[in-house]
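Going by the order they are written in, the chains are A, B, C, D and E; count residues from 1 in each one.
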Amino acid sequence: ESVKLQLKWVTQAQFAGYYVAAEKGYYEEEGLDVEILPGGPDIAPEQVIAGGGADVIVDWMPAALAAREKGLGLVNIAQPFKHSGMMLTCLAENGITSPEDFKGKTLGVWFFGNEYPFLSWMSKLGIPTDGSEGGVTVLKQGFNVDPLLQKQAACISTMTYNEYWQVIDAGISADDLVTFKYEDEGVATLEDGLYVMEDRLADPAFKETMVKFVRASMKGWKDAEANPDEAAMIVLDNDETGAQTEQHQKRMMGEVAKLTAGSNGALDVADYERTVATLLGGGSDPVITQEPSGAYTLEITDAALQ
Amino acid sequence: MSAVGWGAIAFWLAAWGANSFLANRYPKAGWVKALVPTLFGITLLVLWQGLVRGLNVSPVILPAPTDIATAIGANIPLLWGDFSQTILKGALAGYLIGCGAAIVVAVLVDRSPFLQRGLLPVGNFVAALPIVGIAPILVMWFGFDWQSKAAVVVVMVFFPVLVNMVAGLAATDALSRDLMATWSASYPQALVKLRLPAALPFLFNGLKIATTLALIGAIVAEFFGSPTRGMGFRISTAVGQLDLPLVWAEITVAALAGSGFYGLIAMIEKAATFWHPSQRGK
Amino acid sequence: MRSPVIDAKDLNLIFETNDGPVQALKDVNLSIERGDFVSFIGPSGCGKTTFLRCIAALEHPTSGSLTVNGISPEEARKARSYGYVFQAAGLYPWRTIAGNVKLPLEIMGYTQADQEARVEKVLSLVDLQGFAKKFPWQLSGGMQQRASIARALAFDADILLMDEPFGALDEIVRDRLNEELLKLWATTGKTIGFVTHSIPEAVYLSTKIVVMSPRPGRITDVIESTLPKERPLDIRDSAEFLAIAHRVREGLRAGHAYD
Amino acid sequence: MKKSILPILTVLAAIVVIWYAGAVWLNSQWTYDQAARAGVEVTFSEMVSDTLTQARPVLPAPHQVAKGLWDGIAGQKITSKRSLVYHAWITFSATMAGFGLGTIAGILLAVGIVHSRAMDMSVMPWAIASQTIPILAIAPMVIVVLASLGIKGMLPKAIIAAYLSFFPVLVGMVKGLRAPDAMQLDLLRTYNASDAQGFWKLRLPASMPYLFASLKVGIAAALVGTIVAELPAGATQGLGARLLSGSYYGQTIQIWAALFGAAILAALLVLVVGVVERITLKRKGMAQ
Amino acid sequence: MRSPVIDAKDLNLIFETNDGPVQALKDVNLSIERGDFVSFIGPSGCGKTTFLRCIAALEHPTSGSLTVNGISPEEARKARSYGYVFQAAGLYPWRTIAGNVKLPLEIMGYTQADQEARVEKVLSLVDLQGFAKKFPWQLSGGMQQRASIARALAFDADILLMDEPFGALDEIVRDRLNEELLKLWATTGKTIGFVTHSIPEAVYLSTKIVVMSPRPGRITDVIESTLPKERPLDIRDSAEFLAIAHRVREGLRAGHAYD
């Protein structure tokens, strides 16, 4: 049975579990032939799966729920990431010590479906983002951390496992940085989960395949957590661009392991509800307008993990 | 093949037949010149609508024209804001600077054999740097606002205009040049009176290609960092939000603006190169 | 003796072509005095155009020496010594007829008023008054040729080089323009190099007739005219005229291989 | 050829000098910022040497880019994923396929436009409109749609490259095919030549200078198209993917090396078109 | 009476220009029989080229009727009835001389061997044997014109339209080509329309001479030649010849406003 998995981003340790499962034959053991499709800055996994280009995708829950409200029936079948790795990183010299100080500053934000958590947070803080008085100026942040280094933005979005370390690598010491983790600010939303199309779940054969897929993937994740350096090397081998470095991937794997640590793959309904509440609480312009229903199923993980 | 497919083909043939008939029957009439492309466009749109609906294409893959029209109607102020940010500021400024620079450089290069041999290959090389590579760098250098978009446009339009202008400056025939020589015309005189007019048909070639490049450049550059407005910003954000009708609404605006821009240049071309066989023939 | 305006010594010119070299001029020796009216006549391809082009520094001899007013053709060209009527009209399509005639005047910096006046004068000289605002492609072949003559006459060049200027004109116009040209020559004292295929025309106009022959292009005869400077049209029936014409015809005939 | 070397070297030398100056200027802020953070003073010469050796400079110095290029080209086996030659090859093959498709499409459309009044009136405005669609915006969708049809690998990239390259060819060829003057056309009419004969014997040869000017633009456009298509194509192989991952990890030197790799490729392609042009025009006797 | 090959009735042609309309042909009536050799003579701009172009369906009369072999010029063109020598050579610069002459043969589908043979024959007819492989811009003006004549003679058209074909040729070559043309006309029985500015040439060649005058372009005289079909060159000294020539000259003179 063949399965196509569309990643949300390029090949990196953020997706180590899947590469490890593939490399170590866990998928094969389940009788699966898994093709991992790397993503990129302009790949919307939701679109790929809607077009039939993938069977299962890695996506962030805010984006998946927003898509669901648009009529694209995405269903969460597993949640390998327990914690959120997103944060806002600021230069200390800009005098930002608390979210109160954001006002009047320029903040770098990732768009393309990644902006939902930020928008929820700001509306919770009551800070306008449309450039009006007393608000923040939002920049669509490009690929990297340059806006911070070039002082084009006071704060930028970073992931604990990736961009943050690029700032450090650039030569700025951790002491010169102030970070705001979304989790600490009470606006955490669930990141990398596995999603499939709702209509296909009606097919028992597909369900069966997904059960095997999730089982093997989680085996891969737990393996990666246990052997981070080995996992990083596997990711490196699978990077076709040849651009990743060993040091960066090993460190990323270490950080990613902290985020996956609390999860056996099953979605924690409390996390789901917290995410939904955050997204619904978006003030005048919430990300989703009504409580979603049927946006997740525990059947797959229940079957996979018994 | 499905009924939808056959229906589409039959419709296409019928529409094309009607168009051919009109175009050949009334080749000179002004109303035909407007009607034929319109009919052709309507044909495309009807086909699109029919195929999307008939084949049940998911709206997050390709929305139907009616959805796009609705999105345009609902977002006029938004679209206007994006239009002025991207096209009026980024694309236009970049176009003027880039084309101007290319013309000046072409003339300089043409003037000096030394520069021609030295600068042209190097210039070709620099101008061939792909936009997607330059855009992030230019955003880094010129900031997030429209200035960096204009810079990307400058880089993009420079090469096509340069190549065409250099070819145009070389396009005079021997007899015309000999005439200038017998009058011992100075270089600027020969340039203004002979080479520039003779280069115009080529130059306009470049300028026309550059109009569409300018638009693409300005929009694409916004993918690499931008303020929270602009057509490129809106497109990439809306794709991420699966708001495809809005994406296509922006694309429609881009296409309309681009066609208008191109049409404007083509009109100027017609007035400036009325003497060229390609214009006289029609 | 006056020093020659144009002085060619052992001139050779060889064109390299895809198909081997072509000797367009071979050992050409010729000296032309100030105020001479020199006609060149010869079978097609004998190098008349090439020689005129060498004088105007548009072509560079392979060997030999050529001076114009004692300086190189190149320098003479820089000094704007030449008015040149090419074998083809060569009008710029983006300029009207008046605009084409005005072009050299603009380049040479004549005043605006002077430009207008001269354009009008030369256009009426070649009988194109009504066509000032037309574009070249709207004119007949002969009219284009006349426009190109007007263009060369519009400014004051010392040396006028004319390559079959009247080829596309009928007898009547041709006669008239011949007279006009002689008048111009008499009043201005220009030196004129004139290519023609018409023997009567060559004899009627010239003080010196150069007969050339092809493959390789060389001068076979140089005939000094004995006709007076004052030449009514009916001089063409005089015995002297016919004698010169006969000598030219013989020279021409000798240049034709197949005769 | 020999005559060109000195001018090129001169221009290159000038560029390198300006470049170094620019590198010092653009990178100095970071040096000073870092010194301020560390609480130390830097002298001018320390500043200069630091700006030319930064790990992620705003503008890498020429020697850094050269080293990056050298490592990418000669530093590894050309079959290695880390080799620029390997990625350039991937990009090159898609570019050529796209350029071929685009040129054919451009020429065919131009022929249709010149010969059919209906096509002239209806196709041209829409061809123009098609070019104003921001390709980077629809490239991912194209790739998604094609992937769902099972078309993968080089072809989607080639299609996007063709989409960008057909337009310059179309515009140039329409102009070129209409370049013959009235007399040249009249001559054929007296022979009652067919449209096809008119095309092969007159319009096509007369359009050569326009065609080649357009092909040069077209091949550069095809390369851009390929690189654009490589960004969302799953960002795996090719110079585009290389650029992207360089950007993503802020490895300025790697970006510039990839950028130069792409530019060298483009310059070579344009050069090849130029050589073909010269040969063709010479054979046709048009290069005097 | 035979039915005319070319029959023009009340032909008018008006060009619209930026500068107002130009009446190039006014009330032209002319009928040409099969095998006629018709010369057109008249001041430049009188509509000779325009009339020839109408016959060849390259220009469309504004009013009046014109038939060729009883059918429309358009249909006759489709039937490949015309060989046309344009006023300017109009050689394609990307083809060699041989390639240019071969062009109509390729288009009309002559066999390869036939093409070669014909190219060789006509090139030697116009004395350009050695220049087959040269490009047009490597030829002198007269040679280009001869190449364009060769191109029109290479295939077998019923009707030969020649617009000042010998304008750029010297007397000797011109005489020779005149003879060749008469020979060709006698053996093939083609109908020939011939524009010239040379009165002797018109009289020597034609069975019918059409004199035109400009602004607006119209026919002022049609002279049927009484000369025999067999015409040695020295017929030009006969009294009959001179009488015809005189009449043509008078007609021409009358067309010139400024005489």
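The rule is simple: contacts are C-beta pairs under 8 Å (C-beta built on N, C-alpha and C of every residue); 3 or more make two chains touch, one makes a residue touch a chain.
Every value quoted in this text rests on a predicted model; they were computed, and no experiment measured them.
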Checklist line | Count of contact steps on the shortest path from chain B to chain E | finding: 2
Notebook entry, point to check: Going by the average position of its CA atoms, which chain sits the greatest distance from chain C?
Noted result: A
Next item on the list: Determine which two chains are connected by the greatest number of contacting C-beta pairs.
Entry: B-D
Item checked: Centre-of-Cα separation between chain E and chain D, whole angstrom -> 53
Next item on the list: Give, as an integer number of Å, the spacing between the C-alpha centres of chain E and chain A.
Entry: 84
Item checked: Approximate Å spacing (C-alpha centroids) for the pair chain A, chain D -> 35
Check: In chain B, what residues contact two or more other chains?
Finding: 61, 136, 140, 174, 223, 236, 239, 276, 280
Next item on the list: Going through chain D residue by residue, note those that touch at least 2 other chains and give them in order.
Entry: 58, 136, 140-141, 144-145, 182, 231, 244, 247, 285, 288
Note to self: At least two partner chains per residue is the criterion; list those residues in chain E.
What the structure shows: 88, 135, 137
Item checked: Parts of chain B lying in touch with chain C, wherever the complex brings them together -> 175-176, 178-186, 189, 193-194, 197, 200, 273, 275-276, 280
Checklist line | Touch list for chain B against partner chain D, complex | finding: 16, 19-20, 22-24, 27, 32-33, 36-37, 39-41, 44, 61-62, 114-119, 121-122, 124-134, 136-137, 140-141, 159-160, 163-164, 167, 171, 174, 201-202, 205-206, 208-209, 212, 215-216, 219-220, 223, 231-232, 235-236, 239, 247, 250-251, 254-259, 262-263, 276-278, 280-281
Check: Okay, in this complex, where on chain E does chain D touch?
Finding: 53, 56-58, 77-80, 82-84, 86, 88, 90, 92-96, 103-104, 106-108, 135, 137, 161
Checklist line | chain C - residues contacting chain E, complex | finding: 15, 17-19, 22, 41-45, 48-50, 87-88, 127, 133-135, 138-143, 145-146, 163-164, 167-174, 176, 197-199, 249, 252-253, 256, 258-259
Next item on the list: In the complex, go through chain A and note every residue touching chain D.
Entry: 10-11, 37-44, 47-48, 51-53, 93, 142-146, 149-151, 166, 169-173, 176, 239-245, 248
